[in-house]
Structures are given as C-alpha cells and as structure tokens.
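Consider the two complexes below, in which subunit A is the common component and subunit B and subunit C are the respective partners.
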Partner chain A sequence: MISSIKKISFTLAMTLLCGTYVSSAQAEPVSIGAVIPLSGASATIGADQLRGIEIATEEVNAKGGVLGQPLKVIVEDSGGRPPSALDAARKLVTVNNVPLVIGEYSSGNTLPIGQYLVQQKRIHLNPASTSGLLRDLGEGHFSLVGLDHVTTKFAADDIMAQGWRKAVIIAPNNAFGQGVIEQFTKHFKAAGGQVLASIAYPEGQTTYRRELQQLAQAKPDVFVYSAYSREGAVINREASELGLNETPWYGYLLSMSTADSDPKTKQGQYGLEVNYIGPNGGAYQDAYKKKYGEDFRTTWNGYTYDAVKIAAAAINKAGSTDPAAIGAALKELGKGYEGATGQITFDANRMRDSQPYLKMKVDNGKLVLR
Partner chain B sequence: MVQFFSDVLIRTVDLALIAVGLSCVYSLIRFPNIALVQYAVAGSFLALLLQGAGLPLPVAGLLACLLVGGLAVLLNVTVFERLLASGSAIAMVGSLAVTMILSAVFLVVFGPDSRRFDLDSHPVIRVLDARLTVHQLTAVGLTAGAVIVLALLLFRTTLGRSMRATATNRVLAAATGIDARLITNTVVFLSGVLAALGGIGLALKGEMNIQLGMDVLLPVFAAAILGGLGNALGAVAGAVIIATAETLVTNVNLGPLVGEPLLFLPASYATAMSFLILVAALLVRPHGLFVNEVKRV
Partner chain C sequence: MFEFLIHVSTMACLFGLLALSLNLQVGFAGLVNFGHIALFGCGTYGAAIAFANQWGPVAGLLLGGAAAALLALAFARLGRNLGADYWGIATLSIAEILRTFATNEQWLTGGAQGIHGLPMLFGSLPAPWGPLATLGLCAVLLAVCWALCQRLVNGRYGLALKLLREEPQLASSLGYDLAALRRTPLVISGLIAAVAGFLFAHYTTFVGPDQLYSAETFLIWSMLIVGGLGNNLGAVAGAFLMQFLLAYVPFVKDALGLPSEFVAAMRLTLVGGGLLAFLLWRTQGLIPERIGGRHA
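Now for the complex of A and B:
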C-alpha cells in the first residue's frame, strides 16, 4: 500500500518535473521593452502606440518569432513624466534585463531614458520624439523619426505659403517645445516672416488663458502651436472662448495637438504631420483597421510598429540578444529598411535622415490632407 | 479694459470662496487649516463622480458640498481638535500633513489626469469687448450667492450672532449658554461647504486635476491674510486685490518700457506676485487691511 503510494507520488513528481522542464524549454520568449505614455497628457497617443506594438508582435510571432522563440514586448507606462519614465526604463533593464527598449513619446521623457539606456549599454529606439538634442545621445540610440530642424523648416515654408507673415508660437516648456520654438523662429525669419512672441508653456496646467491672452495682444496673422493632446484640448477650448480661433491656427504635429480637442474648437486648423504611412504601409493599415475597427487614431502607431519590426529583424540578423550585436545589425538594416512609415535610413548619428511630411487640416473633427 | 476687469473678476471667483472658508474657520479654531484647499479638490471630484453616476450637475454639486462639509467636521473632531490642544502651530503642521495624505489619496483614487465636468460646449457671451462663457458666469453667480448667504447668516441670524460671540470671546459666550463646540463644528462644516463650492466653481470654468488645491494655496492664503484672518468678508476684498495684482503682472505689456513691441512676464510669475503681497502684508499690516475684531495668534 505504502509502496504503491510512493510509486504514484514518484511518477507524479517526475511528470510534473518533466512537464515544467519541457514547457520552459519551448516557450522562453525573447523579451524587449517599451516605455510609452499610457497615462498623463499624452495617454491617447500612448494607447495608439501600444496598438502598433501589438500588431507588430503578432506579425513577428506568426512568422516564427525571433531566434526561433516567440517575441515578447514588455510594455511599461511612463505616466508622461520624466521620473516615472526613467523608473520604467530602469525596471526593464534591471528586472527584465532586456537588450533593447522602445520609447517614449515626448522628447522630455525620451531624452532621460535614452541617456540611461546608452549608459547601460542597451539599444534605445526612439519612435516619436523630435528634439535635436537626441542627436547627441550617443552609440546605442537610434531615432526612427526625423528631428525638429527638418520639421520646423517644413512648417515655416508651409506657413509662408499661406501668406501669413506675422506669427506667434506656443509650445511646451521642455526639450521638445524649446527646440520647436528656437528652430521655427530661425527658419521663419530666414523665410522672411516675423515671430512676434513666443511662449513655452508649463506642462500639466488646467488653464492656459493667461498665456493665450499675452499672445493675442501681438495681433498675429497666425497662431502656431504644438501641444500634448490633453493640453492641446485646454488651449483650443480657451482660445475659442477668447475668440482667438477667428485668427488662423497652425498645429505643429497636428494630430498630437488636436487628438483630445473638442471638434468645434479645432475646426479649420491647418498643420503638418509626419507621414504615417509609406508606400509599403498598405498591409499594415489594413491590419490596423481589421484589428481595431477604425482608421488610425493618431499618426504615431506606425512608428512603434516599425520599431518592433526593425528590432525583431535586427535580433534575427545579429543571431543573439547581445545589445552590441543588435546595434551593429540595426546599422546594417538602416541602410534602407522598408517600414510601414516609409523607407528608414540612418545617418552617421543613427538618426532617420529623411522624413516625409503631410500638409493637413482639421475638418469636422478629422484630419484631412489639403 | 473690460476684458481686464472680467479677468480680475474670474480670478477673484477662483480664490474668494476658499479664502472666505479659511478666514471663517480661523475666527473660531485659531489656526489656518491648510487642508481646506484639498476640500476644494475633494468637492470638485466628488461632484464629477456623482455626475458620472447619473445625477444632474446641480444635485451632484450640492451633494458633494454637503459630503465635504461632513468630511471637514469628521477631520476636525478626529484630528484637529486633538492637535489644537497642543497649540495652534502644531494644528497647522497637522493640517499640512492631512493635506499631503489627501494628495496621495487623490492620486490613487482619481489619477493624475485632468478631467472636465460633462458640460455642453461653452457658448460665449460678449460683454462690450470682453468675452465670457456661460460657465464662467455661473461660477461668478455661485460665488456671489454664497458670499451673500454667508453674510446674511453671520449678521442676521441667531446662529451668526452665536458664531461671532464665540469668535470674540469663547468663555463669555459659553457663559451665556452658547454651545461653543457645536458652533465651532457648524462653522467647520460651513467652511468645508464653501471650499467644495469654490473647487466646483474652479472646475466649472475649465478643468480639474488633483493639483488644483495646491495651485491656489498661496493666493488663497495671501487673500485671507490680506483680508484679516478671521474676517470672512475681508477675504473677498483680499481675493480682489490678489486677482488684480496677478492679472496686472501677466496681462500688461512691458514692451514699451524697454523699447520692444511686446514683452510679458511669464504667466507663472502670477504666483510670485501673491507671495510678494503676502510678505508685504505680513510686514506692514499683519492683522490685515481692515479693523479686526478677532485677535490673531
């Protein structure tokens, strides 16, 4: 009796052991990390970035994963603030030991996590931020989107073409916003325009009435603005309350600035947007529509999609999860990678060197090409 | 010019009710309760939650005010009364601690994001060259109404007389048969209601987030001290002065002084202005601008 119990328990124990062993050998996924704003002023965009990650991960795993294993993207919420973004990156490196991290959205958060990741000798893929300071982050940092000196030049020319000569500009008081103000002012002056006043607004306030009233006193031809979507909603609402929307508004990164705004307060705004779909992006666009049952919510999901795809390709090319090997593979791939957002090529500083833009306007709450 | 006055009016409304609540309760419990600014946050978020639960906004707002009044009494009985036994400075530090605890509670319960009441879009009304929204005017009306009701309560009712008697001389008031503890808690309740109403007014005009209370802490204190802590209606005058100063600092073009077309101080300097006025008031007229029947600590 006792011996049979022993036998049964021995068999059971062996089965359990084997079972555990087998399953762990089969499904040890290769992990990479992502830090995106799932809460805070840019939460709408963070949620859309997550969609790009989800579609890319499914596609990679449907085609056999990476290094023969499934790919897993560990997503952390940045809270839209530098301290929590940094905590998230630190967790990914120290706890999950990932070789590569994608993130964040706002330059103010991308810069600190980029510095940390480069210092930890990990690979950092920037899927959205445009501050010129990213150029100096160093080996290990790759930008998948064109930086602000290119974008502001495009905006300045576009605004001049509308016949607006006197502009005021408001943007967030962080690395991104200051870069935009400085670069835009430079390019707009060079194009023959005049920037009458510029304001770097403090993030996370419940009102920007005072800032807007100051700008209004300049009596500009056009209000140029760039704002994270929740703050953009406040700015657009208060601007229309103050009657400032009777003057043209130009949104620098229009989908970001208007994503959370009341359709009535943003009607007719002009702006520019990064091109979010390249010649080979059709399949991705279909996959997005099918999975989420709507058109692109913002323009930023394609960039996280490309980030995950290029990361997976680089790991496969490197044949290992060693960050240095992945970095070398990324440089190789970056000589001409066909992404959903268009062709991605890196310059000597590992920054995307050409970036198509779109001229857009808001019509009935939607962004349309003009 | 009309726009300037309407800006001052709107800013006054931001500050007035919380400052009045602070001043009112100070006259009886002799310490400035910092947690009052958090009662404003609690009021606006409770109203939002109740509105989300399906109540019409006026009912949700009223209920939120009463609940926050209850919370104020609860905290007074359980925390502040005991701390006050050891001195008013200790009670004030205690109220700072309560403020921080409430901040953490708000962060967990409501999250860090800004929210808005579920309201129709803002129809704009033109008054001469100024533009005001219906919701801004509603907030002005609510504030004016609350101040008038409070004034009537203080100066026209037996309860008001008892309050003022207790504030002036607690022992003597007790000797005439006034229940000082009951009166104190009534005023604490009123201060909670006023703060909550102030918070709802703030949220009505724009957005609310959990920083709303800390954002107005300094100007509210400056207004209450300027009006003479303990002098409820003086706080309204204090709020007008602070609002005027803030609006002057941010809306006046300093460009002509330095020969440039446009030069403004950053809007965040408005807070520095209330700090400056606060320091000046404490140095020059520590008992406030008006003759005060309540002695300060």
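Now for the complex of A and C:
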C-alpha cells in the first residue's frame, strides 16, 4: 500500500514537472482567476457562472485578447465551502500570481476570499453576492451586482406605485434571503408602506403550506416573494391550492422565482427582473442560446460574463497587469460601462450603485414587460 | 508556491486538531459522534461573538471553550440512556439545531450573513512571517494536543476507554463509572475542537453557519477512517493526507490542461472513493490501532 502510494505520488510529481515545462514553452497568456462553486450545494449556479466566463473569454480572444496576448481565466472550484474557497483564492494568488480574481457565489465564501485578496493587494470582482457587508471590504474590491439595497428599493417603489400598501414577504433563509427581507422592509417602510409579516423559509422543504397560511393570516394587499426555481414551484402551487393567488403576488427576480412553476399557478404575477435586454445584453443572450442550446439557466451567468469582459477591458486600458493600475482603470470604466447586465457604474465604495431593472409580469407562462 | 504550502499546512494542522479530537471520542471511547462540527462551531462563534462585542480574542477563546465544554456535557448527558447508534443520530440533530439557531438568531450571530472582519492572528507581521507564525502556533498546538491525547489513551485510563468502547457492560461490572468515562473524553475533545475553531475563525476572518454543515463532520470522519481509527498518529496523518490531496487537485488540472469541472469531480471522487476503498480493503486505515499497547 505504502509503496503504491509512493509510486502514485512520484507519477503525480513528474506530471506536475512536465506540465510546468510544457506550459512555459508556449506563448505566455495573460491570466486572471475565478473561484466558483462547481461542486457542493450551489453547483448548478457555479456551472452556469462558468458558461458566462467561457463565452466572455472566447469573445475577448476572438478580438485579439489582452495586451496582445490571449486571455486565460483560471477557474477553480470552491466546493461551496469556505476552506476550499480560500484554498482556491490562495492558489490563484501565490502560485498563479494573477492580478485579479472573480468570485464567488455565496456571501459566506465571497467575504473571506475578498478579504484575503484585498489584503494581498489584488483586485476582487464580486459577480453574485449581495450582502451589504461587502461594502466594507476596502480598496481593490468591486461589486458587479447591485447589492440588495439597490434592488429592494426598486421593488419597494414599484409595489407602492401599484397602490399596494400592506405587504408580507417570504424569502429563503440564507444570506441572500435575509438581506432581501431586511432591506425590503426598510425601503418599503420608508416609502410609506407596511410589512405585516416576514418569513425566511428553510430551503429544500417539500411543503411551505404552514408558512403561507401564517402569512395569509395578516391579510396583505400583496405577497412579495423570492425563491429558487424548485422552491418557487412548490410555493406557487400551494399558494394557488390555498386560494392565495387571488391576492397579487410580486416576484423578486421573477424569472428565478417562477422558472419551474406550473403556468397556471403563476399567471398574472408581477415582479422585477434584471435587465438583460440592453444594447449588449441581446447579443449575449443570443450567444448563450447558440452555445448551450437553452435559455439562461440562472440569472448569474451574465455577471461572470461582465466580470471577465470588464476585467479584460481594464487590463487593456491600464496597459499592464499591475493590480493597482487595473484598479484605477476599473474605476474609470465604472463611470459607465455597457455590460450584458446593463450599464455598470460604481459608487465611491466601488459597488455597483444602480442597475437597470425591468418591470415584468407573467402572462400565459411567459415573462412580459408591463 | 511556498506561501501556498504554508497555507495548506496551516489548514492541515487545524483539521489535524479536529481529527485528533474526534478520534478521542470515536476511536478510543467508541462514541459515534456525528455532530462533531458543532463543537468546532462553538470555537468559531466564540471568536466571532467576542469580536463583534469587542471583548478581545482571549475572551473569544474562553467563550468558545466554555460553550464547547457545555455542549460536550450535554452530549454526554444525552448518551446515558441511548445506544451508540441512536446517540450518533441525536448528536447529528443537535448539531443541525445549533446550525439553524446560528442561521436565525441575527442579533447574536449575524444570521446567515455571519460575522466577518475578524483580525488575523499575527496580522501585523510582514508577509512571510505572519502566516509562518500562524502555522507555527497551529503546529505547536497540534503537537501539544497530540501529546495530551497520547497520554490519555496510553495507560490505565486508555484501557478503560477502550473497555467502554468494546464491552460497556463489562466495564460497568468492573466498577467503572460509565457516565464519567464518557464525559471526560467528550469535554477534552470538545475543548480541542473549540481551539481549532477559534484559530480557524481568526485565520479565515469569517464565521458563518455555512461552515457548520454536517458534511464537514463527515469529512473529518473520512480523515479518521483513511488515517486509522484509534490511532492518534493515524488521525493526524489522515487529516494531512486529505487536506493536501484536496488542495493539490487543482495543480493536476493545470498540469494536464483539464477542464475546471475535473477538480470538482475529482474532489468528490477522492473523498467518496477513497473512503470506500479504505472501508473495503483496509478497514484499519493507513496507521492501524495498536492492540495491546506499551502499557498493556
């Protein structure tokens, strides 16, 4: 046993050595890194994030790459757990010496790797996490996704405009959902509305009847909800069984919330959606469909796509791979960059401060503008 | 590469501590604990709560240790009337309850968003020295805990623990107090796990409920099974082997030009397949337990 382990480790060491030799003989590409959950609980989302990265890398390289060299994105698996995410970030910095890292999905992993990258004076692009805590990470951290206070304000104003004053809200019991509930409640109150009840539901349950009945007792004007597609299907089915869909429903990230729902159970729902149909978004949507033969699987691929594109643009603008220069270039680009997820502008803390949203509703199983 | 090696070694030391502490329960005393990660969580949240309230890291360590000791006592109390397998299930559910508690009590734990920004240990030292000092501290603690565990399991007390594992009724008939025999190793291993949690929290600078999924307990279990249940050296060896394998898979991918999904698949295969291979072909692990040790 021991001797066979020795043999295996020897073979591994040799492959490593040979691999390093071969790669150094080729033209040196410009490398950036990405840490995404390719295994673990969020693996579906990670796989979709990877698609965005792939399309963007192909496009950048088709147009001549960066600094005259091909662009390479070294993608590492975070396993959806902080220790592995940190392993991945440290490998990218200390071994691959990349100036910029994109990642991760869940705030619990994005925060520690962001903190590490900022400490190492590298650039960190957040393509998914919406936790308000990211605001404090410091110089070098950039968020490409509107943090939850931006989106919830839009939702609160939109709901007030419909004349609905008394709301209840249900969202998943994780960093995303808790942030949405907290921020929505704050903005809806500020706009003059009332949040009668809020529930953070545990993911993966087979029924949410109890939660829905509890919310219904408050007799709201509108049910506000956000759900991953599978739980969204359960919630919508049970809400219609309980007759709750006679009250208006408002989906926060409507396409994600209703993706798997029966058309009958989601008919007439209102909601907001991230704008993909900007000047560059349409082309991206077509490229995605063409390459993978289906519609967007989750809402997160567009952000990693934008992350790679804006990183490449920043490296070209900076004329070097020095992290400080890339950071300065990102700030310049962030005064109005046309991305697939709409125009990207950063505030003083390098957070995306506005995001174009679409006011949508469900009609005959499809999302249409209202 | 050197810095990465330091990082992986530090993580390996921390998981070594966790493997040692679980080994004390499972390997020697036969306490099938499926909720071990909760004891680790006491350490991480002790550090985080002390940080959030600005009580300082020493208070954090004490808080984490106290919480872990109390939880260990609760585990031991629970074990009095339950068979080993039922006790295992009970520990699993207690760990899940605590994780749910941490997810929901936002005022105390920061909820699902956790608590971030904990100071790094030796964060003020310049580049290679800070991480090196952290590694040094973790390695020293690992050595101390290893020596402590060795001392505990060798000699009469160790024999009593093994008797508890093999023949609890016989132990009882020989006049051993089974409740006390369960309690002591649980509390000691709880304290070791809490120290690991405290160091982990200050190393990753972030504490959240996602770190406490039961999958982490089973990862420590697989380290034990690969390394060798009932052998302290085996436990540490298993932790180092697993940690290094998991951390170095990406390099194989880079060297062979394989797609990134390979890493994800390979990690799952390594943990699952490796575990299965050992269970099938080498149940005693890399370094088997010594039957009839020096003092027997």
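Following the convention adopted for this analysis, the second predicted complex is superposed on the first by the 239 of 370 C-alpha atoms of A that agree within 3 Å, B and C clash if a C-alpha of one lies under 4 Å from a C-alpha of the other, contacts with A are read in each partner's own complex, and residues count from 1 in each chain.
What we mean here is this: contacts are C-beta pairs under 8 Å (C-beta built on N, C-alpha and C of every residue); 3 or more make two chains touch, one makes a residue touch a chain.
Predicted model, so just to flag it, every value in this text is computed and none were measured.
Student: Let me test your reading of the model: by the given contact rule, A:A43 touches which partner, first (subunit B), second (subunit C), both or neither?
Tutor: both
Student: So, does A:L242 touch the first partner subunit B, the second partner subunit C, both, or neither?
Tutor: Only subunit B is touched by A:L242; subunit C is not.
Student: Figure out whether A:R90 sits in contact with subunit B (first) or subunit C (second), or with both, or with neither.
Tutor: second
Student: Does the superposition put A:G79 against subunit B (first), subunit C (second), both, or neither?
Tutor: The answer is both, since A:G79 touches subunit B and subunit C.
Student: Which one hits more subunit A residues, subunit B or subunit C?
Tutor: Between subunit B and subunit C, C touches the greater number of residues in subunit A.
Student: Between subunit B and subunit C, whom does A:S354 touch in the aligned arrangement: first, second, both, or neither?
Tutor: In the superposition, A:S354 contacts neither subunit B nor subunit C.
Student: Touch check for A:S106: first (subunit B), second (subunit C), both, or neither?
Tutor: Second partner only, subunit C.
Student: Applying the document's definition of touch, where does A:D262 land relative to subunit B and subunit C: first, second, both, or neither?
Tutor: A:D262 contacts subunit B only, not subunit C.
Student: Give me the intersection of subunit A's contacts with subunit B and its contacts with subunit C, in residue numbers.
Tutor: The overlap between the subunit B and subunit C interfaces on subunit A comprises residues 39, 43, 79, 202.
Student: Quick one: in the complex, what on subunit A touches subunit B?
Tutor: 39-41, 43, 79, 196-197, 199, 201-202, 204, 206-211, 213-214, 217-218, 230, 234, 237-238, 240-243, 262, 264-265
Student: Quick check on the complex: what are the subunit A residues that touch subunit C?
Tutor: It comes out as residues 1, 12, 15-16, 18-20, 23, 38-39, 43, 46-47, 50, 74-77, 79-84, 86-88, 90-91, 94-96, 106-109, 111-112, 115-116, 119, 131-133, 136, 173-175, 177-179, 200, 202.
Student: Give every residue of subunit C touching subunit A within the complex, in rising order.
Tutor: Touch residues, subunit C against subunit A: 1-4, 7-8, 11, 100, 103-104, 106, 111-114, 116-117, 120, 204-206, 208-211, 213, 215-216, 246-247, 250-252, 254-257, 260-261, 263-265, 267-268, 282, 286.
Student: Quick one: in the complex, what on subunit B touches subunit A?
Tutor: 3, 7, 111-114, 121-122, 124, 131, 133, 202, 205-209, 211-212, 215, 250-251, 253, 261-262, 264, 266-268, 270
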